[in-house]
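Worksheet: one structure, shown below.
Chains here go by letter, A, B, C and D, matching the order in which they are written, and residues are numbered from 1 within each.
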Amino acid sequence: MRKIKAALIGAGFVGPHHIEAVRRLGFVDVVAIAGSSQKSADAKAERLNIPRAYGNYEVLLDDPEIEVIHNCTPNNLHFPVTMAAIARGKHVIADKPLALNPSKARQMLEAAQQKGIVHAVTFNYRYNVLIQQARVMMKRGDIGDVHFVHGQYLQDWLLNPTDHNWRLEKEGGEARAVADIGSHWCDLAGYITGARISEVLAEYTTIYPTRQRPRSSREAFATSQGQEQYDEYPVDTEDFASILLRFDSGMRGAFSVSQVSAGHKNGLEIEVNGRKA
Amino acid sequence: MRKIKAALIGAGFVGPHHIEAVRRLGFVDVVAIAGSSQKSADAKAERLNIPRAYGNYEVLLDDPEIEVIHNCTPNNLHFPVTMAAIARGKHVIADKPLALNPSKARQMLEAAQQKGIVHAVTFNYRYNVLIQQARVMMKRGDIGDVHFVHGQYLQDWLLNPTDHNWRLEKEGGEARAVADIGSHWCDLAGYITGARISEVLAEYTTIYPTRQRPRSSREAFATSQGQEQYDEYPVDTEDFASILLRFDSGMRGAFSVSQVSAGHKNGLEIEVNGRKA
Amino acid sequence: MRKIKAALIGAGFVGPHHIEAVRRLGFVDVVAIAGSSQKSADAKAERLNIPRAYGNYEVLLDDPEIEVIHNCTPNNLHFPVTMAAIARGKHVIADKPLALNPSKARQMLEAAQQKGIVHAVTFNYRYNVLIQQARVMMKRGDIGDVHFVHGQYLQDWLLNPTDHNWRLEKEGGEARAVADIGSHWCDLAGYITGARISEVLAEYTTIYPTRQRPRSSREAFATSQGQEQYDEYPVDTEDFASILLRFDSGMRGAFSVSQVSAGHKNGLEIEVNGRKA
Amino acid sequence: MRKIKAALIGAGFVGPHHIEAVRRLGFVDVVAIAGSSQKSADAKAERLNIPRAYGNYEVLLDDPEIEVIHNCTPNNLHFPVTMAAIARGKHVIADKPLALNPSKARQMLEAAQQKGIVHAVTFNYRYNVLIQQARVMMKRGDIGDVHFVHGQYLQDWLLNPTDHNWRLEKEGGEARAVADIGSHWCDLAGYITGARISEVLAEYTTIYPTRQRPRSSREAFATSQGQEQYDEYPVDTEDFASILLRFDSGMRGAFSVSQVSAGHKNGLEIEVNGRKA
């Protein structure tokens, strides 16, 4: 029984979930991990029972045993890491948002297709049983023609000015809540209904134009422990947004995304309204 | 124990709810009703145990015993009926939407103030216990500064092309879903948060530009009984809408309203997101 | 239009709800109220806009204008008040539990039947829309043969040792949670399914055998205001109970009732499980 | 990095979940599986990517590489398989119910302790986040002294007379719904509250004393495909039950379990009621 050799690049919040997911399959061995430093890679490798640890992704990509990489780096590294992996002939599982803008996304797709690379973006909610159920109901006509898709994706982990994550810094790129979780919502709207977004109108709001950065680093969703020291820094990405959509099918859409809505840990809702002839 | 003498103008869906509400108080006698014809007024008077029935509202307004009227007429009559009542010195409970446009609403307010008329608009959801609870929590600072208010008001009673009501005809005026139930949502957003809407951006959608009018008349929320005959007629008011809001406090808002969202009988949701300093 | 003349005996928590309910009908005048003293009757009469107030129920029953009385007295007065009303030829709306034991209930029924008295017990939940829906679904066979009915009726208003009400004293009789709210649950189980309870097994628990009585009196569901003085008193009625049931149809049942389950204000649940052939 | 060598005995419904769970850890290799025949073992081994397949558990237990076995056999085999594993010095993860009666459970425990065997029963719900949260809240005193624990565990996968599983046959032993899922509920009641059940009173009901066995075999929760042939067989284990409990702490309990309650796929509810001093 041959096992696929996989590796993880990016030892932050979401990487371990990728590792657990592929280990459940039984035909994948996770053989290596790369972090932003040798130290962080070593620590994660030990915690996750991964044999080899690399201090940067370039070295990992030179490891000839590795067949596929999981790109779980911060958003501004999605493009260079994926392009480097494609160049070495590694297959790629890329985390969302695929890129910071559409032209870079297209560039990656073309490169992957030219090299015959197997590739995927982890829009993991697609495989949630409720989403599968909704899609099946749509496909078999239970809902008829859909004229309206609406909902929300609300979180509160960046509500306080001292909540901190790389997404608030330059590594996050120029969009935040919409790129980070709005991308999931938009993907699901299309996945369930089969329609594609053709027009967009959005209201982005930044509640905290100035935030406090803790002097020690912190992972996504982690909270402060006791007394900490902070430095001020400016933020110009959106804390929340409301978006109106039109789809190529004529369907309308509306949703809100937020990382500052108290009481919502990870609250994703999507509803389609249709009618049967 | 003196009892206030009240009368109902408009014998449709909502009038009987007004009657029940004032009768519960114990100090109001409902003495008269006016319908669109003597026949409909007589029928409703008998069903609701109201002593006097009038075939039009002008005659009712001449009844000197009546002190206050409930204006439960179709939207395009809100203005003339209320103005006529004010002219006769009757106090007025007016159903929403108060008027078809802001200038007429201002005209009524001025007339009422000049005559010393007691007046109210039935934004009845204000007194729902959940709304009261939300407002109290806001006022005592449980939620801190609110930056976002969002929600929806969805119904499905006009989903089918053969669903019919005067709101779809000229009596409804130029707005429908937003005037009819969106007005409630906007009122509650202000009532709970204390802020006022200052800017609006909306997407209105008409799913059925042509509908089928049944040849016999029908009350709100009533459904078809058996075989009916229909005439085609054009509809240009919105079946649903999504609206982005800005408030004078800096708060943002977003909500959708619909009369064609299957599965929602009368689904009103409103949520405020804030933060404590 | 002739109006029925009704009166309320018992000026406590539930009486005003009876008043509101009959006033909504439009063909009932509430003409009198009796309290446990002239003072309490006068106060309630003024608050509820009722013309005449009596300091005891015997005097009220001698009022010849009164046609029907609402018996909203404490449980141990249900029997004598209803029997006295029947003796005067008044029709009776009796609050639940109808009596403290079955033999007294039978005695009242016989007396009412002999005198041709119209009579009812206020199992008001029967007319809740969800209960009506459940009953209709049962009747038209949506659920098939029911083999199991289960649920709960939980409250928390008597959780604390200083929570006080006449139900905890001798006026409450020998059963409390089960008589007070368990009676509703049992009634609904029969009302929905059409079966009658034939066998019962119950576990009654008294959490607080000693409680603190506030020196000032208090209505049902009212809470303490500030500093109060208390006297100890023994309680031997059940704070909560779990009950197994068998029905004449062969159906089984199980439910719990409680007045000491924190977080449940007035939580009634009932579910039927059946199968279609 | 040394990896633990594990094996699965019993290739039915729950075994694959054990496999996925241990594979997620990263330090366990699943090296073998035993089924009721070589054919079923081979099929499962291929589907689950397990290297070695055995046609019976005795042979698997002779495999010297295996350190720990997961006993996922039908209930009547729990005892012999676990005793045989202990005899070979294999560590044991045993599925619930641990045994068909308490004396056999004690026998296994003693054997395991004598041989220094690491052992566990898969009361997996203990590690559900809601259960962990409830337990933490209990431990830190959020709920005070608990006087009542109640709830239900309802399923519907055996509602129809043609629904079939080994639990309905002799392999299931003398209890069914209570052994199968009631055991989870009882475990959780103790796990959350720290109290132990000391007295029990139960009403067991068998809705279908005669059922239809499909001539082809079927896994748990699987449903019939098209036209099948059936043989009648008698069933005397409970389809549902209601149980009253007393705990060593003085706490009372009540719950119902069912495998025939339509609409409940796998509905487990547990609630504790307490009070703070």
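The definition used in the following text is that contacts are C-beta pairs under 8 Å (C-beta built on N, C-alpha and C of every residue); 3 or more make two chains touch, one makes a residue touch a chain.
What you are looking at is a predicted structure, and each value in this text was computed from that prediction instead of being measured.
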{"item": "Chain C against chain B, contact positions shared by both copies (same if over half, else different)", "value": "same"}
{"item": "Cα-centroid distance, chain A relative to chain C, in whole angstrom", "value": "57"}
{"item": "Separation of chain B from chain C, taking each centre as the mean of its C-alpha atoms, in whole Å", "value": "37"}
{"item": "Chain A-chain B separation of Cα centroids, rounded to whole Å", "value": "44"}
{"item": "Contacts with 2+ other chains: residues of chain B", "value": "none"}
{"item": "Chain-chain contacts as defined at top", "value": "A-B, A-D, B-C, C-D"}
{"item": "Contacting residues of chain B [partner chain C, same complex]", "value": "1, 19-20, 23-27, 30, 48-51"}
{"item": "Touching residues (chain side chain C, partner chain D) in the complex", "value": "143, 147-148, 150, 152, 154, 159-160, 201, 203, 205, 207, 240, 242, 244, 252, 254, 256, 258, 260-262, 273-275"}
